[in-house]
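Paired with subunit B in one complex and with subunit C in the other, subunit A is shared by the two complexes that follow.
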Partner chain A sequence: MSMELPQGRTVLTGNEAAAVAVVLARAQQIACYPITPQTLIVERLADLTAERDDIVFANLDSEHSMFGYALAAERAGVRCFAATSSQGLLYSHEQLHRASRERIPLVAVNVNRSVVAPWSLEPDLADSMSERDTGWIQLYCSSAQELLDSILCAYRIAEEAMLPVLVCAEGFLVSHTAETVDVPSQAAVDSFLPPFQPPEDWLLDPNRPRAFSGLPEPNDYATYQQNVAEAHDLARTLIAEAASDFSAAFGREKVASLELSGDPNADTAIVAIGTIGETARELLTDDEPPLVVRVHAYRPFPGEELASVLEHVSHVCVIDRAPAFGAPGPLGEDVRAYGVTATDVVCGLGGSDVTPDTLRRALAASGREAIYLGVEA
Partner chain B sequence: MQEMLITGRGGEGVVLASQLLADTFARGGFYVQSFPEFKAERRGAPLSAFLRWDDEPIRRRYKLRECDVLMSISPSPPPARAVATLRPGGLLLVNRETRFPHCGDWHVAHVPGSGIARRHGILSAEGRPMGNVAVLGAAVKLLLPDGLEFLEQAIRSRMGAKIAEPNVVAAQEGYRLCARQHTVATDSSYEPEPAVARPPLPVFSASFMDTRVNNTGSWSLERPALLAACNVCGLCALFCPEGAMRREDGTMVIDFDHCKGCGICEDVCPVQNAITMEEVLV
Partner chain C sequence: MSVWLDEVIQEEPLLFPGHAACAGCGPAINMRHFLGALSAATPDRKIVLVVPASCWTIIAGAWPVSAFGVSVYLTPFASAAAEASGIKAALRQRGLGDTHVVVWGGDGSTNDIGFATVSAAAERNEDIIYVLNDNEAYMNTGVQKSGATPEGAWTTTTPTTAPRKGTKKDMDRIMAAHGIPYVATLAAGSLPLLKDFRAKVTRAATIEGFRFLHCLGACPPGWRYPTGDSVEIVHRAVDSHYFPLLEVNAGEWHITQKPKKQLPVAEFLSTQGRFAHLSEDEVALVQQHVDERWELLERLEQSSAVAV
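Presenting the complex of A and B:
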């Protein structure tokens, strides 16, 4: 069934908003392998591209093949898209490493879902946080609107930094939640996002046959890694510029790396990521409201910016929606790495509900080791 | 902000109903948020969807604990645990031909959603009437009285023309036939009474230690009942795909914790009037 691109203010699920963004971004090759809760992205992209001969929609035989296909197509100078969740992302692990060091600016969506064992379809961030060291930029969205907007920004950031971007949003809480979304016009998107024009010497060219990523000398190998680290440092600025340009072009605020809500001089702060960062705003009407910091860009981690925001806060509570066994949760570890003393609370695992009360309990806790909340008998 | 809980069974269009209503409120100028509660359950399983609407953008992201409106899509009575989430003074909207016999500290309205659907040939693949859109007509009457046109637009934008038209008519009829009831007394101990005494519906729970405690019987829309003519031949046990029937002490015993109500036992039974399928109440 072919489907028209929605326009203006409408109601879309997160998955639908992602599919719409990909078409608006003029992705030319869409590599697909469905998995719950990402499936509706694939279905809607199939609907939206059914009668278009300018977009290739490819069903692949696994997530591993999907990433392999998309990475190769990018290298031929084609803007691509891929999407997955949970086990699918983990199955693609080695392709993810390759993407960043080969400097392939692929944009992929990961609809966050917890990881086996035991099996669950429900959200937590263990899948993409397990891939945090693969060299991808990671952006975490907390609404359908932010997912749509971030995919548009992601193509610009990816192609300027020549780094892959994983745009993440929690399954069901974002992917299956239908909500009010403003869909920008194609003309507005076209003037924000230029066509993909990678450097000539980076492209696959049949007239200039050569090998990529062959067996370099140790020092050259290390240079590959260092280049990616430097590109991440540059990406912090690119993320901020893209957000600022986006806000100006589309007339709605686009979060860059961090979203701050509440009194910056508050004595306590909650640092969270994804939808928990939205729910935490409900605490702003409490008697002693915390400063709420929602991390949008997780890699590159906005550590300096965060440390400066939290400099005068006496109690910092970091909420992790992913476990890291034998250590604090991933976000907690990152916050502490920049010299911030923080309590790390792990909650919301496997889709367990995180309410304002969960967060009040988290704020009341303190300790050096990760505290697991919300585990009920 | 108003919060609504929508209950029903997988396949009755609960999720679609919540999205259509979200779309309707959005067309009426509200910010909306609609999401289903997904579990490892399928067609026939009890499920819920949530809907929030407000003048301001909605940023909270967690399941409803309490609601202002409970809308029951199923023709069977709403589950007691759902009714318990209604805030005092809230609204209970049920899919029913007749007056709802229970009362509490909430307003009640009923609409003959299934009857309307049957009249207009809006049926599921199994031939059951899909009363969801007719119930939405009633919801719009009660919650957004000027919004029938928005509901019609939402239906047309989310359904193909062939399906949309009878549904638009069903929505209009639901709007018209919705009856508000006056609450006469307070009875907070609501318990739906089944027409016939049956074993209670199991509650689905999942375990990764032992799958036998996963009570998939909660998914059943129908369940077999053994009649006097049963000669305990055991053929049903042989064919039961769930292993939910067994011969024990000279009778057949049915494990309702795992029977999904597929009806294969009734099909393969060689004896007349030995097994019948009965509707299960949520």
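Presenting the complex of A and C:
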């Protein structure tokens, strides 16, 4: 089936919005391997690119091969895309590490899904949180529109920072929920996102024979890693600039690192990622509404910005939709690392419900160890 | 003889002196002649080598130097065939589609950890050359058993008290079963093997689609023999039918070197310490399996021959 690119205001699921964004971003190669709940992204891309001879759609034999294919193709000078979920992301773990060290600006979507065991298709963030230290920029989206917009920004950020970007959205809650989405015109996207121009001294160019990733001396190896860390520091600025330019170009608000809702002088605050950050906004009409902070850019972590926002809040509740056994959840750990005293509540695992009431109970809890809410309730 | 070799080797090497291979490294001889024959066959076409984790991660040289006159892209162990596919597609998009994209993978990455990916790239008939550099064990990590380790061989994980049981994975028939345009086995010895080796590379150079070249890589430290014996051992491998030289051209099987008199396989095995523990009965079993495979190849040759 061949498919036309939707235009203007329309109704799309998160997965469809992602596919549309990838075509609008003029990705030249799409590396594909199916996994629920991501599959609809590559299915739509197969339809959208079937009659395009400027886009290569490649069916690979595993997620490990898919990332290998996309990373190598990108290194050879073309803009690429890949998508996965859960076990597929975990299966690609070594490719993810290598991508950031090689400074390959691949953009991939991870539709968040819990990890085995036991088997579950339902959403939580255990998959991408397990990859937080691989050197990818991570952006978490809570709506189809934000997913579309963030993919467009991601290509710009990736190619400016020369870092890979993982754009994440929870399975089913975002991926399969149909919403009203504004699809920008190709012309508007083209003026926002210039073509990929790989740096000459980075590019795999057959006309300039060189060896890539050869064994360095230990000090040179360490310098390699330091360069990635410095690129992440630079990316904080690039993420803010991309969001600001995006808002100006497309006339709608684009979250940079953090989205704040409610009274900045509130006595309590909820810090969350993804759709839980949306749910938390329902507490804004409570008698004592919290400040709601939704973390969009999780890596590089906007720690200083977050600490500054939370400076005068007396009770901070961090919601983690991922476990980190034997330690606080990943977001809780990160928030505390910047000197914020916070209670860390783990909930929503494997798609278990997180309602406004769940969050009210989370706000009422306090402690130093992670609190697994919902387990005994 | 030297005049003859001058006729065979006319190009400048693309694997430079000073590379980091062991003394007597058979695969280094393979690489030198593979790149030489490929560039001689298609002098206008550039070469990109895609190299999964292996001895060649080391041999290529310590950063920032390179032992190669071609681009070398080092990849994780299991994904080289997929990465070569991506590079080929990207170069095509950039107007550099006539570049030879070559995977140089060991038997660990090809027969074992990257097997699914090699098979998938063959099934897609990617326009790449895949070289299986077969030294019959994980040599870079210090001689551990792989799917290519031969019957009876010692490795550090198949000690002489519990040596390798069963025969090595038959990658030639497996790859031929994918219906790819070209499969060949190669052994870089002296003449006439070197001529056979280079003729196969030359043929592969001008075929489109997935080409699979299975090179025997004699390994002094892994096979346990003196470094000066690599070429002699390769000849004995071929003469004993231990490593038959064949090609499968568009489905047609052809044994390209038929020794006038088959050497007993014991005369190959006895050159290497890895087989030193084998009893007469065990050697006889290896001989039986070598002979059975040769007969199978002869039947494949007869049954697939195109009537003239």
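We adopt the following convention: the second predicted complex is superposed on the first by the 375 of 377 C-alpha atoms of A that agree within 3 Å, B and C clash if a C-alpha of one lies under 4 Å from a C-alpha of the other, contacts with A are read in each partner's own complex, and residues count from 1 in each chain.
Going forward, a residue touches a chain if its C-beta (ideal position, glycine included) is under 8 Å from a C-beta of that chain, and two chains touch if they have at least 3 such contacts.
Computed from a predicted model, the values in this text were never measured in an experiment.
*Asks:* Quick one: on subunit A, after the overlay, do subunit B and subunit C clash, or do they fit? Just give me the call.
*Replies:* fit
*Asks:* Using only C-alpha centres after the superposition, what angle do subunit B and subunit C make about subunit A, to the nearest 10 degrees?
*Replies:* The angle comes out at 100 degrees.
*Asks:* Scan A:215 for contacts with subunit B and subunit C and give back first, second, both or neither.
*Replies:* second
*Asks:* Just to be sure I read the superposition right, which of the two partners does A:305 touch: subunit B = first, subunit C = second, or both, or neither?
*Replies:* neither
*Asks:* Go through the superposed model and pick first if A:122 touches only subunit B, second if only subunit C, both, or neither.
*Replies:* It touches subunit B, and subunit C stays clear.
*Asks:* Counting only touches as set out at the top, which of subunit B and subunit C does A:205 meet: first, second, both, neither?
*Replies:* A:205 sits against subunit C, while subunit B stays out of touch.
*Asks:* Quick one: subunit B or subunit C, who's touching more of subunit A?
*Replies:* Residues of subunit A touched, subunit B against subunit C: more for C.
*Asks:* Tell me which partner A:344 touches in the superposition: subunit B (first), subunit C (second), both or neither.
*Replies:* neither
*Asks:* Looking at the overlay, does A:16 come into contact with subunit B only (first), subunit C only (second), both, or neither?
*Replies:* Neither partner.
*Asks:* For A:98, select first, second, both or neither according to whether it touches subunit B, subunit C, the two together, or no partner.
*Replies:* A:98: touches subunit C, not subunit B.
*Asks:* For the overlay built on chain A, what is the smallest gap between any CA atom of subunit B and any CA atom of subunit C, in Å?
*Replies:* 28
*Asks:* So in the complex, which bits of subunit A are touching subunit B?
*Replies:* Going by the criterion above, the answer is residues 9-11, 13, 37, 117-119, 121-122, 142-143, 172-174, 176-180, 275-276, 278-279, 281-282, 353-356.
*Asks:* Any idea which subunit A residues touch subunit C in the complex?
*Replies:* Answer in residue numbers: 28-29, 31, 56, 58-62, 64-78, 80, 94-95, 98, 204-217, 220.
*Asks:* What residues on subunit C touch subunit A, complex-wise?
*Replies:* 46-48, 50, 57-58, 60-76, 78-87, 89-91, 93-94, 96, 99, 116-117, 119-120, 124
*Asks:* Residues of subunit B touching subunit A in their complex?
*Replies:* Touching subunit A from subunit B are residues 18-19, 22-23, 26, 31-36, 38, 40, 57-63, 65, 208.
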